[in-house]
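For reference, the structures are reproduced in the following blocks.
Next, two complexes with chain A in common: one pairs it with chain B, the other with chain C.
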Partner chain A sequence: MTSDRSKLGFYLLLAPLLLWLVLLIILPHIGLFFVSISEKVGVREYETGLGNYAVFFNEPLYWRTFARTAIMSISTTALTLILGFPIAYYIAKMTRGRTKTTLFLMCLIPFWVSELVRTFGWMILLRETGIVSNALQYLGLTAGPVEFLYNDAAIMVGLVYTSILFMIVPLVTTLDSLDDSMIEAGYDLGGTGVSILREIIIPHAIPGIVSGCIVVFMLSLGNYLTPILLGGKDSLWFTGLIYTQFITRFNWELGSAFGFLLLALSSGIVFVGLKLSRQTLSETMGR
Partner chain B sequence: MGTKSGLLTTTVLITAMSVAAANAETLRLLTWGGYAPDDVIEMFEAETGHSVEVTTSNNEEMIAKLRATNGGGFDLAQPSQDRITSAQEEFGIYKPIDMSRVDAEQFIPSMLSATADNTTLDGEVYGLPHVWGTSGLVVNTAEAGDVTDYMDLCDEAVAGRVSYRLKRPTLIGFAYSMGLDPFAAYGDTDSYQAILDEVEQTLIDCKDNVKTYWDGGDEIKNLLRSGEVVAAMAWDTGGWQLNADNPDITFVAPEAGALGWIDTFVLPARGRADDAAYDWINFVMRPDIAAMITNTAGNFTAAVGGDEGVSAELKARYQGSFDQAAIDNIKWYPPVPAGLETLEGAALDRINAAN
Partner chain C sequence: MPATPDLQCIELTKDFSDFRAVDQVSFDVPPGSFFSILGPSGCGKTTLLRMIAGFQFPTSGDLKIKGKSMIGVGPNKRPVSMVFQHLALFPMMNIGENVGFGLRQRGVNKTEIKQRVERVLDRVGLPGITERQVSQLSGGQKQRVAIARCMVLEPDVLLLDEPLGALDLKLREHMKIELKSLQSAFNTTFVYITHDQSEALVMSDKIAVMNKGRFDQIGTARELYYDPNSAFVAGFVGDANRFEGKITAVNGDAVTMVTDNGSHLKACTITERVTKGQHVQIFIRPEAIQLTLEAVADADEYTIESVLFNGANSLAILRDPATGDLLNVTLPQTGAFLGLGKGDRVYARWEPEQARCYPGEGR
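Let's look at the complex of A and B:
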């Protein structure tokens, strides 16, 4: 009787998760898959085939766009790690009590407004008649207005800013769990700052680094707003391609195939990243 | 006791309301910004008892939305007349217009028949004309007075201070400016592809001149108002609105011809409130209401006498941009054959990717 009841409780607790997974993730993907393998041969005529996937590999434009998106996302991830690690280390190891909470909160506050608003904020700063350009002119550093928007660097700035929190949080958690006495012991044994970082801190923080990197990489790869708004005429981004296929070209078949390719290729990149860092997904996420 | 009587009153109230609203419906309108001003909606609701829910959108999104639901979710939509037959042929998202329920007297006859011709599929008419306007050039005449045609946007003199959309009107406009005739090639895929190839190369070469490709009407107005962009391909109303703030900026009908569009009324296939939809059509085509819409949207309508109540400033701006020759030179979009947009899409993608 009790076991029956606990079983019921288990299923009831599981139900929201299952419903969410099946109704919102699995079913739409099955539908999307069937759309992606139907090739359009004429008005309201479709054939089953892999032609839409072939388009991706045969048209250099599409896989180059994917490669560009992937490379820029990887650079974003690296940059976010380089910027986020010192911040996380400072929060986790150098501060205590209220200061720690305050600093953590300061990292969080920008995320209380929507991504769109934050991106427009960057546009106000960086545009030709914007704050940075005007400040430089006022200080006499440049003769005329400078355009900072509509290039790859602007996209990177936006992406790093959008995703840095998702790097800092897992890093702070793992660094918190590192016993300070280990670092002290390292110094006692004659270690230098660099060797302690390499031999003690990074090996301990690796699961946090990897999970942070996976989240940031996926967020950048799947980002739509930031590259489109900040990138302007050079904003070629793979999610943008999917959007245009669906909305402006009415080509759902190709769009669905692109969606699946994005899923497969990005999973492949994460898999390679895990292999290279000799981590497993369960180890990284289980912490 | 108090709760009970409260409940009773509510029940009575609800019953009374549902009797009053017996033939009142909710009209879910899928339209462009400015085509359904609040004051017009209020007058319509007061007069007919129907209520109106407005969703603003653009041509592509309208078709995409209706396609996703097989023509459901909305009771009246307003795509441009050239995009109706291909979408209907491919996706079957509209239902034919019942002309007996439309007050045809209110429409300018030539526009009504032209739109009917362009939106006829298998003998059924799918569209009624509503608002018309053009795409052309919006120029800051103080800084870029030499820009008089689409190709002038690629001129050295305005390098880095130009903007246009990366969409099909840009391909068409540049093709005309290059001396080609894309509309004549609509029916012939091969010659249309040849035109597209030429335009694609021009636009790739022109990319350095472009500051950014604009996407929404507010974005381009912002760029022009701040002076970051001095010449752009854009809609006439955008130019006239900016003209009100800065007399230097105005709409210029290009030498190669402005591109004329007509936004229509269509009935989505699974719309549920046809009565309200026809009531809305007949209501907004009344001359006084049409003038109110022109004053907010900035574009003229297909309503007979609809230009009489339009503000004098807007009329002056319109006449400043269009003399009779420019009006005669407007290139009206013919219906886009199904499948053509795939070719254009591929060309646009290549332009977007080029360095």
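Let's look at the complex of A and C:
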């Protein structure tokens, strides 16, 4: 009796998770997969085949955009790590109590408004008639207005800004767990700042670094708004391509194939990253 | 001329924003000795040790190691090493890498690092463990690895910040003896801070008792135990019965005091003269009190309040039937007092020289 009831309870508790997984993740992907392997041969006539994937490999624009998105996302991740690590270190190790909470909150506050608003904020700063351009003219550093928007650097700025919180949070958590006396012991034994960073702090923070990098990489790769708004119509971001196939071209078959390629790309790069840092997914995400 | 002290502090002071943690502390530690700083938590001993290690800088005063001033010298440039309270072994490295860390920082070549690491691990009695992980070691082994990690650098002074605090009692007793023998084997100066008087008494050549940022007394274990020069030291080192009261009679060093409850107690003064009517406190060690079952000359009568059995350290708490004052007495385990229980009548006396009288209000 009791075991039956406890079993029922177990399945009831499991139900939301299973429903979420099956209905929202597995089923749509199965659907997309079937759409992606059907080729349109005539009006309402479809054949099963890998033609959509072949289109991707035969058209240089598609796979170059794909590679460009991957490289830009990796650079964004690296840049976010380089910028985020000192900030996280400062918050975790150099501050205490209220200052710590305040600084942490200051990282969080921009995320209270939508990504769209934040990105428009950057546009106000960077556009030709924007604040930075006007300031430079006022200071006499440039003769005419300067356009900072619609280039790769602007995309990078936007992506780093959007995702840096997701780097800082896991880093602060892992750095917080590093006992201060480890760092002191390092100095006491004759270590310099650089060697302590390399031999003690970074090895300790590796799980945080890896999980932060995975999240930032995924967010950048899958970002749509920031590249489009800050990069303009030539931004050539792979999600933009998918959007075009689905919405503008109404070519769901090709769009689905692109979606699967993006999934394969992100999984592949995360896998390589984990192998290179000798971490496992459960180790980094289980924290 | 005596050899240059390994460590010398001259009127060392450390002020924090709202209080003075270390207040004009001066002392010398001769080479090869085991020096302990004993004090209750919050007395400033950790701040003092961190100043010696270089993690904090003194507000004023000077600190010399082998005669060289260390003011403005960073912790990684000082010829001292520290064993941290929780040891701070690096979990991301194996034992060999841990012990070799300091040598790697100095740019010693790999083969020599390997040899020296193996040699020092051999000396602390842990040969052949270089490949193991920190988590695979027991508490006592970690302790020895932490010492080896410092000793491989051949420091002039080894600082130890209550490293035995986290160990269980049996291991702590064992490590006390081992630390002392390691110290004499390496013949390095050890500066050890602790709040545990038995650690300090057993291991040290010299002990400084620290209270509220100052050194109350520096001396050997015997001097502190038999000749405490202040009420704080008398109360902190060893156990003691403490009574407060007023002086009723003074005869040279010998005084008589009456407690607030009316007990008359004999004692002697050591440091300062006291006058009749002055407020004083006296300290009598439980082990200095002689207990008898029969009435003897100048012994007072007491009833047993309770017996706290603890093997060789058993105590009896006696109550003065007239005044209600309580007195702790060590029960000699000779068999004579085996049957004692609550309410029994006993007689207690002590030599007035064993009861020490200090002027002033307590605590």
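Going forward, the second predicted complex is superposed on the first by the 277 of 287 C-alpha atoms of A that agree within 3 Å, B and C clash if a C-alpha of one lies under 4 Å from a C-alpha of the other, contacts with A are read in each partner's own complex, and residues count from 1 in each chain.
Just so we're on the same page, contacts are C-beta pairs under 8 Å (C-beta built on N, C-alpha and C of every residue); 3 or more make two chains touch, one makes a residue touch a chain.
Keep in mind that what you see is a predicted model, and the values were worked out from it rather than measured.
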Checklist entry - Does the chain A-based superposition show chain B and chain C clashing or fitting? => result fit
Checklist outcome for this item: In this superposition, the partner of chain A with more touched residues, chain B or chain C, is B
Checklist entry - What is the contact status of A:Ser181 with respect to chain B (first) and chain C (second): first, second, both, or neither? => result second
Next on the checklist: Contacts for A:Arg127 in the overlay, against chain B (first) and chain C (second): which applies, first, second, both or neither?
Outcome noted: first
Item to check | Which superposed partner A:Lys275 touches (first chain B, second chain C, both, neither) | outcome: neither
Checklist entry - Is A:Lys7 in contact with chain B, with chain C, with both, or with neither (first, second, both, neither)? => result neither
Checklist entry - Looking at the overlay, does A:His204 come into contact with chain B only (first), chain C only (second), both, or neither? => result second
Next on the checklist: Looking at A:Leu189, would you say it contacts chain B, chain C, both, or neither? Reply first, second, both or neither.
Outcome noted: second
Next on the checklist: Students often get this wrong, so check: with C-alpha centres, what angle lies at chain A between chain B and chain C, to the nearest 10 degrees?
Outcome noted: 150
Checklist entry - Of all C-alpha distances between chain B and chain C after superposition, which is the least, in Å? => result 47
Item to check | Residues of chain A contacting chain B in one complex and chain C in the other | outcome: none
Checklist outcome for this item: The residues of chain C that touch chain A in their complex are 53-55, 74-77, 80-82, 84-86, 88, 90-93, 101-102, 104-106, 149-150, 153
Next on the checklist: If we count contacts the way the header does, which residues on chain A are in touch with chain C in the complex?
Outcome noted: 179, 181-182, 184-192, 195, 199-200, 203-204
Checklist entry - Can you name the residues of chain B that touch chain A in the complex? => result 60-61, 63-64, 67, 87, 89-92, 160, 167, 207, 210-213, 215, 226-228, 338-339, 341-342, 345, 349-350, 352-353, 355
Checklist outcome for this item: Counting only contacts in the complex, chain A reaches chain B at residues 43-44, 61, 64-65, 127-129, 147, 149-150, 228, 232-234, 236, 241, 244-252
